[in-house]
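Labels run A, B and C following the written order; every chain starts at residue 1.
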Amino acid sequence: MFDFLTSGQYDVLGAFWVTVQLTLYSAVGSLIWGLMLAGMRVSPVPLMRTFGTTYVNVVRNTPLTLLVLGCSLGLDQTLGITLAGGDSKEIGFRLAILGLIAYTGTFVCEALRSGINTVPVGQAEAARALGLSFFQVLTLIVLPQAFRAVVGPLTNVLIALTKNTTVAATIGVAEAALLMKEMLENEADALFAVFGVFALGFVLLTLPTGLLLGWVAKRVAVKR
Amino acid sequence: MKISKVATTAAIAVALALTATACGGSAKDAASDAGASGGTAKDKIVVGIKYDQPGLGLKTPDGKYTGFDVDVATYVAKELGYQPDQIEFKQAVSAERENLIANGDVKLVVATYTINDKRKAKVDFAGPYFLAHQDLLVRADDTSITKAEDLNKKKLCSVAGSTSAQNVKTKLAPDADLREYPGYSECLTGLENKAVDALTTDGSILAGYAAQEKNKGKFKLAGLKLSDEPYGIGLKKGDKDLQTKVNAALKKMVEDGSWQKAMDANLGPADYKAEPAPQITEGS
Amino acid sequence: MSSVLYDKPGPKAKLRNWIYTGVFAVLVALALWWILDRMAEKNQLEADKWTPFVTDSQVWTTFLLPGLVETLKAGLIAMVIALPLGAAFGIARLSDHAWVRVPVGALVEFFRAIPVLILMIFSSALYVMLGTVSSDLRPLYAVVTGLVLYNASVIAEIVRAGVLSLPRGQTDAAKAIGMRKGQTMMYVLVPQAVTAMLPALVSQLVVILKDTALGGAFLGFADLMSMNRQISANYSNTIATMVTIALIYIAVNFTLTTLASALEKRLRQSKRGTGAVLEGDVAEVDAGGASGVGKAP
């Protein structure tokens, strides 16, 4: 029943490795982009606030499938943005990451913003009393505390991101979901075995992440 | 041959009325409801076609269907005793064609359906009514691609999981930079914007795109014959009677010139040199 | 506009803010101009690629609106099935009996860990294998099944969090007047939790609607997303079509998100009830984001 695993015809591990890579690169990118968006949304410059709010509302309400396809067709095929060239496989991989960052960044931004809300007002006021600028207040005082409060929500974002990488299959990135679809077309009789393998793969990816970061979240949480 | 809007509406009305009365059991109301449609109102034929391939099977914004496959389907249906307003078209995406036939959801599938042994294990074919070849669509000013080997240094686009894509990967040009999208129109965007150099699939499908009003003069076919794709009409396995009738209809269509007329009307503008209709081989 | 993060701007800060505004505006404008310029260069801004959506109402009646109807249909059916199922799971997870709590917990965690796309592809293949569903309805069934399996487990968590968010006094008071466990749950906790959960549930509907697009892209489901191909087969205007489709999704989902925020605000301010409100971000596990109602810092 499980001969498709040993037949050498399908590279299941390779596909999951692509999933892991997509997740890691997108996670780092989303964290940075989300941080910038959150910074804009609380900044003293009205135009930046407007931009941040509009961006979040627009992107968060667009299906990720459409966003990733848009990155490929819009950026690569129309505008010619390939992010350092290469062949279609590499370009597709990078554009999928870009789409995932654009989407996940909004959720990181919102999580951080609610984290900022948990920091007591006195902290920021004390910092301002010391004469710190907005940027200093944000980066030295508020964000470090906010981060500790949002490890939990950010873990959820990371798990969601891991699962969302399957959407990269839309533009032909050879990750887990695409391989599963291909395998089901050829090995229809092994339906439950194939599903079992891929389900297990994702459980193994997301469950330890959740447990580990859940433990971290408890440890770093600010006790008030 | 176009189906008028009234006729389409009538056909839908018939379909609706039939569904509604299927439970009630009174066919008399259905006939009177349908009004405009002639003949015996309860008879209709469901045909599976493509909805998104210009020149072959396309659903247009006014809810009509156009293309060579549609014309063939309409002609065959007429020979089987169905007026245009008794035909109900249904979308038959590539992966679903065998299922549609096997489940009895459609009587015929006329949807760029290549006859091959793997499919013949599940369904029967009538025809072939058309012989297509895998070909390349390139920009009109591009002269750098004249044979399959030229593809090895080119950016190529095709539809994920299609036989054309498989052909390129395993036989024609293993070194080509092949990009796979869910549909042809996505590829066309890249071709127009010079992000890919060629789009490959059956020449007939490519000609359909090139023949479109909006694409005139932008693209051309390379004119290669990279494979043989005899299109057949799919029907239920073992239905010899229907197969014979459809074959006869196809033969008549070629003989009375309707075949050539349909070809010229749908794919002519692309300068597509279609071969004469092939000999019917199925069911003999 | 004042914030605890920065002082009320004085003359110097005001000038600086204006400079930042200027620089940022120029950057955004440059990016936009570059994109539009490139698009014009590639003939993507030609009028006949965009006008069909304005001048030809048939594009809407033949393609876009039927597609939107399918999208909404799949989303609503999935929600209607997932809601009671999820509520049952959520309550079962709170059970005192380990033999109920543990297996249901494992089931919920299992389906939450798997991408909805994998569930959809599996359901689709399953229906093909069973052969009992007509091929007409199979994409819809597969999409709905995938969404239900996943979202029932998410809703189970929303319900659980909703019940747990209620003050302990509610349970204690119910016990004090002699209610049994089932009664406490049915008459005291769940009715209050439902109000607290409402915003999170509306947010979840947005997640469901966005996920239906996967069916359009992978399973041949005739939803709004899949209309892209049929429209661009007629007009060769993939980019314009995608933009239009995105705008429709955004309009629908933004309305729902706004509704969720308004609900949440109302519930927070209302004097009645316990004041427990489940914010979108507590439960929106798929995306993990807040529903954006955090008060300005």
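Worth pointing out:
Here, contacts are C-beta pairs under 8 Å (C-beta built on N, C-alpha and C of every residue); 3 or more make two chains touch, one makes a residue touch a chain.
Keep in mind it's a predicted model, so treat the numbers as computed, not measured.
Touching subunit B and subunit C together: A. When you average the Cα atoms of each chain and compare centres, the chain farthest from subunit A turns out to be B. No other pair of chains has as many C-beta pairs in contact as A-C. Distance from the subunit B centre to the subunit C centre is 37 Å, each centre being the mean of its Cα atoms.
Subunit A and subunit B have Cα centroids separated by 41 Å. Centre-to-centre, using mean CA coordinates, subunit A is 16 Å away from subunit C.
Within subunit B, residues 95, 182, 186, 189, 193-194 each touch two or more of the remaining chains. Each of residues 69, 73, 78, 80, 170 in subunit A touches at least two other chains. Residues of subunit C found to touch two or more other chains are 42, 44, 128, 217-218, 238-239. On the subunit B side of its complex with subunit A, the touching residues are 95, 155, 160-161, 177-182, 186, 189-190, 193-196.
Interface residues of subunit A facing subunit C in the complex, by the touch rule stated above, are 42, 44-48, 51, 56-58, 60-66, 69-70, 73-74, 78-80, 106-107, 109-111, 113-114, 116-117, 119, 121, 124-125, 128, 133-134, 137-138, 142, 153-154, 156-160, 163-164, 166-167, 169-170, 176-177, 180-181, 184, 188, 191, 195, 198-199, 202-203, 206-207. Interface residues of subunit B facing subunit C in the complex, by the touch rule stated above, are 51-54, 58-63, 90-91, 93, 95-96, 99-100, 103, 105, 182-186, 188-189, 192-194, 209, 212, 214-215. Of all residues in subunit C, those touching subunit B in their complex are 42-44, 48, 52, 56, 58-59, 61-63, 128, 131, 134-136, 138, 217-218, 220, 222, 228-230, 232-239. Residues 69, 72-73, 76-78, 80, 87-88, 92, 170-172, 182, 185 of subunit A touch subunit B in their complex.
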